[in-house]
């Protein structure tokens, strides 16, 4: 099993390093890292990790800025990540933290770390323990902030 | 005949379980279930259900949140689901319930269940009884809330 | 020559039946009909009509609702229809009537019928009389409401 | 060398005829014309001109209306034209004139003619004199209204 | 190693010439230049540079105008650039400077030059020194204006 981790120099938190740390806690897999300038460079990087470096799943980590132009970049990147998955029949877990989700730099760093770690667990589940995800279906899971929980308890 | 059911851990209602229950009432088919973290993970999951697990049709079930960022995620997921259908020449019935369609958690759970069940019927019609759909053409069907009905009665 | 007609149960007017009636007036062609639940199911249906049922052209008929979410659905469907055309090198005439284009149910039914009939003529021209379209180039044709006409008369 | 010209019956100016007139002034090439109902029909028409009628480049001419729904149609058509180019490795010059760019019908006709003629020159440059474009790089060229010119003179 | 540089005649700064100047400072590579009219022509130009002129990476340089229609063009171009990358498994570095990012023509020229030069460095890193990018991961790099820096120092 090989997991790809691609992240950006644009991000204000080293999300790639955090992802690798968390992945190693949950599975003994080999890891390929690929850092690109910004989120729009992630789709092809993820696809290359899958097709050229034989990853079984990829985490695509990014931190879009808070203004409208940044949101459009994130949207374009997301569409590319979905397309890359369809072209390869391989999951790419998108982990985006929008700068305006946090009140200040401290919360931003906390949120980026927590969301990255929780999605690293999801990546491991997807390739090694898919039945764990079925058990969690419909339970209102969130990555980063608190879970929403099921609508009926 | 095999029907794929993919749903999410993000959803606050176990839409996958509801879909499977309803499908079994209408057809004796085998069912493949695949749970992923969120709606953006659905397109590749649906495509894998079709290409790797040989489903003849897939239901893609999700519950996007109510804020703008969530609506964008749903839009990206929808585009991916349409692309996946075009790449496979296979229907994927999108069943999305937006959190802000309901007034409260109770209505949300009710809406998610009802829309899922009505679309499960549509899935069965598409693969087993397409002529039933032709008879319903132009009758203003809705899934979840009340039908709109035909413009001229 | 074979013309595909795909429409929806969501529509409040039986646009498929109207299209078939009009097509038969203008050309002696065989017709394949395919009814799906909503506009987002049209792209794959149209592609299947082309690739599996050998249609030379397809009419994709739908009636999106008037709220924002419906407009997004129509946008996603339109993108899918364009993609399907590019994948098959075959025209798919999109005939969408937005519920909020009409003042009331009567006008809605009138508009849906008229737009469908005028586009049925376009479909016939595209496959049988393309030179008729060249003669109409730049004349401000509209389907449904009144033509805009040329800017300079 | 063969140049494809596709235009619409929706346009209020015969942009196809203008393009052909201008192309003939600048190059002795054969021309294929293809008229379709509206801008959303242009992507597949352009692709067919390239793949079935062997055009080396295509001009896609359209005049979207001024309301929101029209802008969305233009957006969808533009995306399709870009996709068609990527699928064929062939340029398709999009020449769209939005009805609300002009104050009145006269200006609209003037703008449509001028933009079409200037882009016809670009089409010829792209296939016959690419070095001319390199010399014009970064000079703030506009098609239709006045050039913006370079930021530093 | 061969680097493609594609730019536009629409841009008000000769971004292509600047990119070539900077690339030559950092690497001894051969360079292919391709100038097109506007940003929507960049995706196919970049793809042709990769597939027909064998570039290992491409810089796509453009300067979208400041009004809504221009922003839509930039969005469409960006999506096309991402798609071109996925179709070729090759990076295309998008360097767009929006006219409304600068207060006046002088700042616009300054910004376009600086962003182009900084992204030329990124292009060289991506193909020759990918480990340099890993070292810069999560450090809040920006191209043009000042770096944002890491959230936690």
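To keep things simple, chains are lettered A, B, C, D and E as they appear, and every chain counts its residues starting from 1.
Criterion: a contact is a pair of C-beta atoms (placed from the backbone, for glycine too) under 8 Å apart; a residue touches a chain by one contact, two chains touch by 3 or more.
Given the structure is predicted, the values throughout are model-derived calculations rather than measurements.
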Between chain A and chain C, what is the gap in Å from one C-alpha centre to the other?
40
Gap in Å, rounded to a whole number, between the CA centres of chain E and chain A
25
Do you know which chain E residues sit against two or more other chains?
79, 83
Does the chain-touch network form a line, ring, star, complete graph or other?
ring
In which sequence are the chains arranged about the ring, given a start at chain B and a first step to chain C?
B, C, D, E, A
Quick one: which bits of chain D touch chain E in the complex? Just the residue numbers, please.
71, 75, 78-79, 81-83, 85-86, 89-94, 98, 119, 122, 126, 130, 133-134, 136-143, 148-152
Help me check something: in the complex, which residues belonging to chain E touch chain D?
7-17, 33-37, 40-41, 43-45, 47-48, 51-52, 65, 69, 72-73, 76-77, 79-80, 83-84, 87, 105-106, 108-109, 112
